[in-house]
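Have a look at the structure that comes next, please.
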Amino acid sequence: MDAWILTLVTFFPIVGVIVLLFLPKERETAMRWTALLTAVITFVLSLIMLAGFESSDPDLQMVVRLTWFSIGDLHIEYFLGVDGLSILLVLLTTFLMVLALLSTWTAIVDRVREFMIFFLLLEVGLVGVFLGMDLFLFYVFWEFTLVPMYFLIGVWGGERRMYAAIKFFLYTMAGSILMLLAIIWLGLDGGTFSIPDLIKAQAIPANLQFWLFLAFAAAFAIKVPMWPFHSWLPDAHVEAPTAASVILAGVLLKMGTYGFLRFNLGIFPQASVRLAPWIALFAVIGILYGAAVAYAQKDVKKLVAYASISHLGFVMLGLFALNLQGLQGGILQMINHGLSTGALFLIVGMLYERRRTREMDAFGGLWKVMPIYAGLTLIVTLSSMGLPGLNGFVGEFTILLGSFGSIAIGSEGFAILAAVGVILAAVYMLYMFQKLFLGPLDNEKNKRLPDLNRRELLTLVPIVILIFWIGLYPRPFFGLTEASVEKVVQLVSSAAMAMR
Amino acid sequence: MTAEALFSLAPLLILFPLLGLVVNIIAGRRLGERGVGIVASAAVGLAFVIAILQFIALRMDPSGATIHIADWIVIGQLEVEWALQIDTLSVTMMLMVTGVGGLIHIYAVGYMHDDVRFQGDPSRFPRFFVYFNLFIAAMLLLVTGDSYLTMFVGWEGVGLCSYLLISFWYEKGEDGIGNALAGKKAFVVNRIGDFGFIIAMLITFWFFGTLTFEEVFNEAEAMGAGAVGAATAITLFLLVGAAGKSAQIPLFVWLPDAMAGPTPVSALIHAATMVTAGIYMLVRNAALLEIATVTPDIIAIIGAATALLAASIAVARFDIKRVLAYSTISQLGFMIAAVGIGAYVAAIFHLVAHAFFKALLFLSAGSVIQGVEHGHHRADSHEEHFNPNDMRVMGGLRTRMKATFWVYLIGALALVGIPPLAGFFSKDEILADALLVSPAVYWVLVGSAFLTAFYMGRQILMVFFGKPRSKAAEAAEESPAVMVAPLVVLAILSVGGGLINSPGLLPLTHFLEDTLEGLREPEFVAAVAAISTLLAVLAIVLAWLVYGRRPMAHDPVRRLGSLWTAIRHRWWVDGFYDWLIVSRYISLSHWLAEVADEQFLHDWVHDTVIARSFVRATNWLASVLDLRLIDRGFDGLGALTRRGAGGLGALQTGYVRNYAVAVFIGMVLVVSYLLLS
Amino acid sequence: MIPGVSMTHILILSGVLFTLGTLGVLIRRNAIVMFMSIELMLNASNLAFVGFARSMGALSGQVFVFFVIAVAAAEVAVGLALIVAVYRSRSSIDVDRVSDLKG
Amino acid sequence: MTVEFAIFLSLAAVAVGASIAMLVSRNAVYSALFLVIVLFAIAVLFLLLSAAFIAMVQVAIYAGAIMVLFLFVIMLLGTENVESEPSHPWQFATALVLSFGLIIQFLIVANGLPGESGGDFGEVAEGFGSPAGIGTLLFEEYLIPFEVTSLLLLAAMVGAIVLTRWERSK
């Protein structure tokens, strides 16, 4: 069991795909249930994985390692493993998948079968990215996620869906090419594609690390997206259907930050130390820029999309603080962002389903007609702007703390500027809340809007519970990641020592 | 019961209000207004009982205790716990918060009953008490948190409640959105203060390696001179936080707007408790302030300046609550100044006394407002834009609302500092200390005290004396007992509150000595008391001369000319901020969004630079290769491809047998190759 | 012992039958006859298998024939079904009438 | 010339002759019947080559089941006669040329067999080719392929049903 649980978690959605293929085409409800059930079982499987996870062990666990095929002496392996850096992300993925599927119940009405199939395939790719420990396998999963997402945006998206889908595809593809070259180089040079082996070897000279770091960073920075590579994100979000937006923001973007964490810090620690101030600079620009631009948006979804850019700036700043607090905060903030931004997209989706518009000017005073909706939105909004006691604060504060005292970043100025971002977050988040919920209820079309139904409550309440849980007692979450993060910190600091 | 056992009850302090709010969220609709009010008030009442128990425990064991509840954030060196610190300072605050808070809760049951009907949404009644209980819980966490970070949770929590309660009637106010905007303004300005608080925490952690108050102070003491720079930086940033929360220069602009909330909110949050959090926080950090160099001076200057500035603005206000709001800012300035000159006990003393009489003033103002509102409805006058807060529509209420008049008068005299009311002792202690430390601060404060007496005299005369200036005022009626009873209790406290630290006995000073080390014993300076009392009386007389003698059409002080214009426009501070920051930020963000992001990055870079150059590059390559190849006599690349494709296409006949032949040919060839090799 | 008959003979016969089979596939237009020719080719290979099994004394060759027959059965089932389906849409089983894939 | 060689030769002649007849007969039914003859001839050859079980299978499945299926389909569709002549002029010529090449190749291969398998067939063990022997091999060494075959047949069955199912809606 232990050895195969990761394979199960990764590939179980395929079972759902097969069942979906055989369902008669008029039985759409059965398709929805099949997909949902598959996602739930996958989530349960990931919980079983969690139960077997030993948090004090910093190395990979539950490893499956078989030779897939060989090119000469170079083995390409089927190599799955989980450690503290990835376990939370796997759980986040399987968790959000369930909620995202719940949100599609009435939102997706045409080509249900295809939608569900793409969605489950997307889950395979995403989980595979976080579990794949062979560079080649990782790359396969990495690119694989593009395909379902491309279709999800391109088929079920809004008016300019093709434009957005192609842009999304091309941007991320362009970044991946450089990464592929770097992967091939690494494999040929190091004689292995195994990530832990490459990390252990640390055999790459510093100046070469620099270029390889940049090649990987190109792929990841576009995915995150870091300023100024973000221009695909608002398009993709605005056009994508709600469920795809949730996964796009909640999980897909984390592939980028996870990539930085796993590859750039692990394989190129010296380059990481050297480039940390630059990454921090771009992260801080992203924080402030995203916050300022979000404030000027008229479309709620776009506002949330730019807010994502700002939040992911925090994650990057935390990761490249290269100390314990920064990294821990960065990882937790990935989860927080997944939860709160995921919830925000769900919330926007619910509104869109009712009114078929996302222009903020069309709303106002919704609190009066939809009090439960407003209350939950308030909590999510507050979590997103980092109110203490909710999850966002724990992440943001530890990131600020880490980056303020970071030797690698080298200047307190970045953390102080990032803290300004906290003020700006309040500005745009409260602006959004005010535009939607406060003020007089003067639009006739809004006077009859129904409050949340049970299914919608079911999609939001689990997130809200987690928001409180992480905010009030984040110990279990930090505990899962601690050992692995300590290992990374040691690796990086010994690299920093070696540079001196 | 041992002290230890009593201390261990401390978590209940926060638990009770939380419980109350949970009950009201779940069952608020079913409980009815009475039930909701009882649950909420009982929750705070129980918290008050716990606070008294803590006080008793402290009499047994003055050193206090730290109650650990659970871990919070533990990463490497960073160890922050959910822990409550019980010492004399926090108990003083919690007694005040739960005591005054409880009274205001009771008052609010009566007030909100009418308010939700005037505003037209009775279903919002339970929500008010949910927020109120949440506020009490957050405030208690703020005063009991044992580290900067736990304090910060309460700090932001009260800010959140303030936001929610200011925009409680979110569809009302100017253009229907005024209240919501006021709430947002309060939150954002508070966030600017929080920014300072956060930076202070970051410095503290990286300098002292911990965020727990006790450890930081011990460490700072041990380091001695080595900690001066850090302590100065930390306290300066903390000052930013305090300025935000306690509405000091330059961040005071949110508090007057916050009057958009229902009156009990103004009393509880924006007068008695939340706004004093900044003072509490600075006093908590007395150990650092003692070490720091520049900060105390800056604090004293800011406090004194705020006191004077706000007092001057209050003179020209017509909204009954706004007068009180500026008065609050001014009094907070007194307290901040007291912290700056090292008179920590005086600051806390004034904080508590101020909580009594300012809560009293606000609540009675609420009573006045509702009285007038009732009158408005009874008189059945259909004036558009009737504003029950406007003092110009009042007058002569002395006879119609007797109880309210008397308690208002007591509150006002206490604020003005007429002996032997509470305000006299507490203000005097500050002034006496100020004279010792810095005469300049002293004179500024005396000036503001004079203005205070003047605008309070003006207010009382405008509201209660003279003839009614509107039909509503003529028909005004007294408030119900549930509202008057808390007023009476607060009035008693305002009268006797001075006893808390009466000269000679100094119970508060001795009480706080257990927490704050090296306190000076304040002296009662008779000359100071005499001067301020004399000035107060003088100011009241002046007010009577100006306002009391004849019916008022225009404000007589208008004759001050440009000075009047300045204070009428609040010294243009709001406008200046709008011009300097708000509109700049809005245009910046629009510029970034529309020009930098949309037009430049999105459209130009993507569509023009990337997409079009790609097309252009391919065209260029194609045409150049094409031409060169033709020049050399070859077919063009495109033509070649096309022809090749055409040729290959012909092979694709679609006839399966042709394909079979092809396979067959291949097979024969492969076998031949194998045989021959 | 089969005196006078050698593997060479069997292989030649097998080759001839196989060639005839391919010829049938290539020159006949009737899909069913083409199919029969394919069966002939399979039989030719079966013959070679059995021959080799005999000559090398390895029973595996015969097992393979068994599998080939099973596969042939499956193939016939699907193939004939395809022919029926094609006939339904074209009313003919002339393979030259089916050329939708023409490029 | 041994008896066995004579038998082989006659069987070969029958098989080749029937094959050619199958190829040239215009009527598909005749083609099918000629193919049956070929299959029988090959079955006898199997017997000669000590493959009794396979010979039985050949007769039962090929000559029995498969050919009946062919005949069924021919009758069902009523398409005994389709073509008159090849529609592609060069197709016939190419096919002949290639077939000639293929025959040559087979001859080369057959003549070039290595020594031990080039000579006459020798003795084999008792029970070689018996159902017992094949059964043991099938269920031990070739168990998984055997099971896969059953899956394959199942799939073919489902496939055939799906393909031939008459859509009621049309």
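For the reader, a short list of remarks on this structure follows.
Chains here go by letter, A, B, C and D, matching the order in which they are written, and residues are numbered from 1 within each.
We take it that contacts are C-beta pairs under 8 Å (C-beta built on N, C-alpha and C of every residue); 3 or more make two chains touch, one makes a residue touch a chain.
Computed from a predicted model, the values in this text were never measured in an experiment.
Ranking C-D and A-B by contacting C-beta pairs places C-D first. Centres computed as Cα averages put chain A at a distance of 60 Å from chain D.
Taking each chain's centre as the average of its CA atoms, chain A and chain C sit 56 Å apart. Work out the mean CA point of chain C and of chain D, and you get 6 Å between them. Each chain gets a centre from the mean of its Cα atoms; for chain A and chain B, those two points are 34 Å apart. Taken residue by residue, chain C touches two or more other chains at 22, 26, 29, 96, whereas all remaining positions touch fewer.
Each of the following residues of chain B touches two or more other chains: 655, 657, 661, 664. Every pair of chains meeting the contact definition is listed here: A-B, B-C, B-D, C-D.
In the complex of the two chains, the chain B residues touching chain A come out as 70-78, 82, 121, 149, 152-153, 155-157, 160, 163, 167, 170-171, 176-177, 179-181, 183-184, 187-188, 191-192, 194-195, 198-199, 201-203, 205-206, 585-586, 588-590, 592-594, 596-597, 601-602, 605-606.
Residues 167, 228, 230-231, 234-235, 289, 292-293, 295-297, 306, 324-325, 328-329, 364-365, 367-368, 382, 387-389, 393-394, 397-398, 400-401, 404-405, 412, 415-416, 419-420, 422-423, 426-427, 430-431, 434, 437-442, 472-475, 478, 482 of chain A are the ones that touch chain B when the two sit in their complex. On the side of chain D, the complex with chain C involves touching residues 1-2, 4-5, 8, 12, 15-16, 19-20, 22-23, 28, 31-32, 35, 38-39, 42, 45-46, 48-51, 53-54, 57-58, 61-62, 65-66, 69-70, 73-74, 76-77, 79, 82-83, 86-88, 91-92, 94-96, 98-99, 102-103, 105-107, 109-111, 113, 117-125, 128-129, 133-134, 137-138, 141-142, 145, 149, 152-153, 155-157, 159-161, 163-164.
Residue ranges on chain B touching chain C, taken from their complex, read 648-657, 660-661, 664. Within the complex formed with chain B, the chain C residues making contact are 22, 25-26, 29, 34, 95-96, 98-103.
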